[in-house]
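Take a look at these structures.
Across the two complexes that follow, chain A remains constant while its partner is chain B and subsequently chain C.
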Partner chain A sequence: MYAVETINLSRVFELKGKSILALDDVNIRISKGEILGLLGANGAGKTTLVKILSTLLLPSKGSAYIHGYDVVRDAKHVRRIINLVSGGETPGYGMLTVRENLWFFSQLYGLASSLAKERIDMLIKDMELEQYRDVRMHKLSTGYKQRLNLARGFINDPRVLFLDEPTLGLDVMNARHMRKYIRDWVDEDSARTILLTTHYLAEAEEVCDKIAIIYKGRIVAYETPLALKASLSNGVSIQVEIFSNDLTSSSSMIVDKISRSSGVLACMLEGFDGDEDEKGKVVKSWSNTGNNNRHDYNSNGDERVTRLRIMLDDDSKIPDLVSMLVINGYKVLSVKRDQPTLEDVYMRYITSINE
Partner chain B sequence: MLDVHASSVVRAVVQGIWLGWKVESNWTNPFVFLTYLIAKPIASVILVGLVFVIGSSASGMSRDDLFFYTFTGAVFFIYPATITISLAYLVHEDRAKYEVLKHIYITPSSLKPYIVGRGVASAINASVSVVVSMLIGSIVFSNYFALHLPIDASKIDYPALIASIPLGVAAFISLGVILYAINLVTFKLQYSLSEYTTGILFLFSGVVFPPSMLPYPVSLIGGVLPTTHFLNVVRASLMGYNAYESMAYLLLSTILMIAVALIFMNRVESIARFKGTIDRKAEY
Partner chain C sequence: MSTNHHISKYDDLILNLKVVYARAYVRLKGLLREPHWSIAEVIIPLLSLSAYVYMYTMLDAPAEYTAFVVVGGAMLAFWSNVLWGMSAQLYWEKETGMLQHYMLSPASRMAVLLGMAVGGALNTTLRSISILLVGTLLFPIEYNLVDANALLIVFLLTIIALYGMGMLFASLFLLYGREATHIADLLQEPIYLFSGIYYPVLSSQVFSYAVKLVASIIPLTFGIDAIRLLLIMGKGIGDVTLHIVGLSLLVAILLPLAYIALRRMEETSKRHGRLTLRWQ
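Moving on, here comes the complex of A and B:
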């Protein structure tokens, strides 16, 4: 029996007379003791899937099971063994203290008083909330509210935990703390399982045993991070740093030009986090894990530097690419060959689908 | 498994009461809260009393038993008003302000025990207001307006009076659950819905005048409202009259209201889950 299993799961939303397919025949199987990372751009269907699995939303078609329980018919059983943490939210009652908020939820899960107290103390310690134990929630900073939110997610020691973009809006230290905690939590007990949605590729690579890439409601790749990267073995990944004196030349123009060149499988700005526009075209965006100096200036302050990540089908195409950049008025500062990353995988899959 | 479920249901009700009390009382210091708890209902009760005084002097009549009818109606109407308003508004608070609604929904006990707990917390608050309003209101009107409540403490039917409170509260919580359910699938009714509902109850339930004064067949509406029977039992028991018939009607209307609320809430929960409104915030 799988911890989580979906069979041809689909969901259609009706919006102003239009049908929007949010999930399209999704099939996933997550074994116990596994962390599955669900990668996708905004609107790809990640949260819809989590909502269905956590019994908040009904599917339009197909079925989903948590430890063998149907999320539609056996919702009561499912709710005993799951919990959900949504990033970017700080659920809780502001006038209650940290401890009181956790106590409230422990009781909704029917925990005996002694067990609840013990677990609350443990979670307060684990989340480094000791000095805020008796502080009202509205007085906490966003980072500590998020820690409280995460602690709430563990209050019933769920068999399956859904983490929906848990590090959204967190600073680097809090995000790192959160990632380490969830990895350790699963490693402690092989019966625990996590489904983590994110659009931070580095986060998925660091924490997850397997990764599913979801695009427009469909799972387009489902493998271990290593296997996904190995699937790109026929390509070459390079990092290129260029600059142009033409201040009217936008980064997207550079990306467009390179993408149309012969032998280029995909091209994106360094630090890309996988957002797409309405037509499914890759657009630039920066993740909290990436370098946010996208438009650096040199010591003179007037030259524009852009870092690109390019996938080529063959390394013999590198000289042609450099020539093309020079002809188009760009100065190539450096070209560095690199190991394929999940960014490359994501970019490759999305680009190939759009083609 | 059943024990675990029963345990989580009981604990959810208790937590609803505890949280309701915290939410209602913790926003300020105890003195200010106590003043609010007492001043607000007294103000409304005295307002109703003054309207009675002005109306009766204009008509040249002033009868203690009519005053008793109006005064007790206004005081005990605090129960349905407080409970239904607080439960109708609860969805908005939990979904948009505290962002906890979806997390409560996905617990094993889910929403219903929690809502009941919050309703009981409101009923406890209402009880304080009712007792204080009865005491202070009767003193004020007796001393300053020569209006006396014809209540003889030795004649009060205490068992009937005490039994009417939990029965009435159960009916009003059920009504609150229906309003809660409507707000679960809508986004702009949290204020108006409770206002309309309490307005309808006030008009048709014999709060300040008997429903029989309304034109037929509108006057029949009061007969199906538990508020009408609740107030009838309260008045009869305070006067020491036989309250059994009204009690039977109250019991029946309460059972009916509970059944309707359960069916309605179950149906609406399915709709909310289908439409995805449990965690959807208002777009304004």
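Moving on, here comes the complex of A and C:
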């Protein structure tokens, strides 16, 4: 029996007379003790899938099971063994303290007083909230609110925990703390399972046992991070640093030029975050910063320098690529062959679907 | 397909009692954390009822009218709480993101609403007693209570019916209201007029039979009238039988309706993705 299983799961939304297919025949199986990372751009269907699995939304077609319980028919059973934490959501009532909020949530799951107390103390310690235990929630910073939110998700020691972009808006230290905690939590008990949705590729690579890429409601890849990267073995990943005096040229112009060149499978600016525009075209942006000005990001602080990650079908195409850049007025500072990353995988899948 | 993990009715009952207690605790904690609000909520109704007391005094109205006004003012606190603290509550819970936590938990949604109602009723009873005590100190009022048990029965039935109405409105406001505050605003003044907070409605010759019938749908109307008869006019249970029957009927109708509305609200939420999906 799988911790999570979906069979041909689909969901259609009716919005202003239009049908929007948010999930399209999704089939996933997550074993107990596994962390599955669900990668996808905004609007890809990640949250819809999580809402159905957590009994908050009905599927239009297909079925889904949590530990064998049907999420529609056995919703009451499912709710006892799951929890959901979404990034940026409220972790409780503002006028209640951290401790009171956790107690309140423990009661929503009917925890006995002694068990609730023990678990609250443990979570306050684990989330490093000791000095804030008697502070009202509305006085906490964003990072500490999110820690409280995560603690809330663990309060019933769920068998399956859904984390919907849990590090959204968190600083590096808080995000790192959160990632380490969720990895340790699953490693501690093989009956625990996590489904983590994110669009931070590095985050998925760091904590997940398997990764599913969701695109326009469809699962387009479903493998371990290693296997996904190995699937790119027929390609070559390179990092290229280029210099241009022309500050008016936009990042998308450079990327477009390279993308159209012979032998180039995909091209993106370093720090690609994987957003898409409304037509499904890949839009380049900077991860974590939300800044899409290429001139803000480079290795040496010179805003005329741009770093690109390029996938080629063959390394014999590298000289042609360099020539093309030089002809177009760019000075090539360095070319470095690299191991493929999840960014490459993601970009490759999305690009091939759009073609 | 699933492992046989049986949940007994006893487990369910214990869970839901804990939920009622926890949700009521939030309400009571709010009262203790922000006592200045409670002081304001006692003083402001006193200002309104003072105006009626002075008006009746100037018009040489019978002395019991002052007591009518003070009792009405004390009961008004419940209506305000039902309207703003109950009916609009699920809407606020949605706006703050708390509704999703409730929908996600195995707790019965009725237990959540019941917890809100119990917390709100206890909280408001304290306020209502304060209004009654201060009003009694400020104005010359003579109480003539003969049947305390009848008063307790009527009071409890009124509160249950009122909060039953609040529980019903909570789901309806969320289902059909784009802005809960506007609906609450719309309901406030007509209730003041028909429920007879500052003047008798059911025993008055001013209002037609039809108006009295419409006014009887509001639990506050029956409640205030019966409490006045028992607390001020020295009447017994035999004189408020009609009120007790009316209030019992309202309880029997409003609570099941609240349950049905809550189920419908949850179903709509899950079917259309509304209510818990922020962008919907």
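In this text, the second predicted complex is superposed on the first by the 341 of 355 C-alpha atoms of A that agree within 3 Å, B and C clash if a C-alpha of one lies under 4 Å from a C-alpha of the other, contacts with A are read in each partner's own complex, and residues count from 1 in each chain.
Basically, a contact is a pair of C-beta atoms (placed from the backbone, for glycine too) under 8 Å apart; a residue touches a chain by one contact, two chains touch by 3 or more.
What you see is a predicted model, and the numbers here were worked out from it, not measured in a lab.
Annotation: superposed three-chain arrangement on chain A; chain B versus chain C shows a clash. By the touch criterion defined above, A:Glu100 lies against chain B and chain C together after alignment on the C-alpha atoms of chain A.
In the superposition on chain A, contact of A:Thr90 is made with both chain B and chain C.
Once the two complexes are laid over each other on the shared chain, residue contacts for A:Tyr109 go to chain B and to chain C alike.
With both structures placed on the common chain, the touch criterion links A:Met1 to chain C but leaves chain B unconnected. When the shared chain is aligned, no partner comes close enough to touch A:Val326: not chain B, not chain C. Contacts of A:His67 after superposition: chain C is touched, whereas chain B is not reached.
A count of residues in chain A touched by chain B and by chain C gives the higher number to C. In the three-chain superposition model, chain A touches both chain B and chain C at residues 13, 51, 54-58, 76, 79-80, 82-84, 89-90, 92-93, 95-96, 100, 104-105, 107-110, 152. On the side of chain A, the complex with chain B involves touching residues 13, 51, 54-58, 76, 79-80, 82-84, 89-96, 100, 104-105, 107-112, 152. Residues 1, 13-14, 47-48, 51, 54-58, 65, 67-70, 74, 76-77, 79-80, 82-84, 86, 89-90, 92-93, 95-96, 100, 103-105, 107-110, 136, 152 of chain A are the ones that touch chain C when the two sit in their complex. On chain C, the positions that touch chain A within their shared complex are 1-3, 5, 7, 11, 14-15, 18-19, 21-22, 25-26, 29-30, 33-34, 96-98, 100-107, 269-273, 276-277, 280. For chain B in complex with chain A, the residues that touch the partner chain are 4-5, 7-9, 11-12, 14-15, 18-19, 22-23, 26-27, 98-100, 102-110, 114, 270, 273-274, 276, 278-279.
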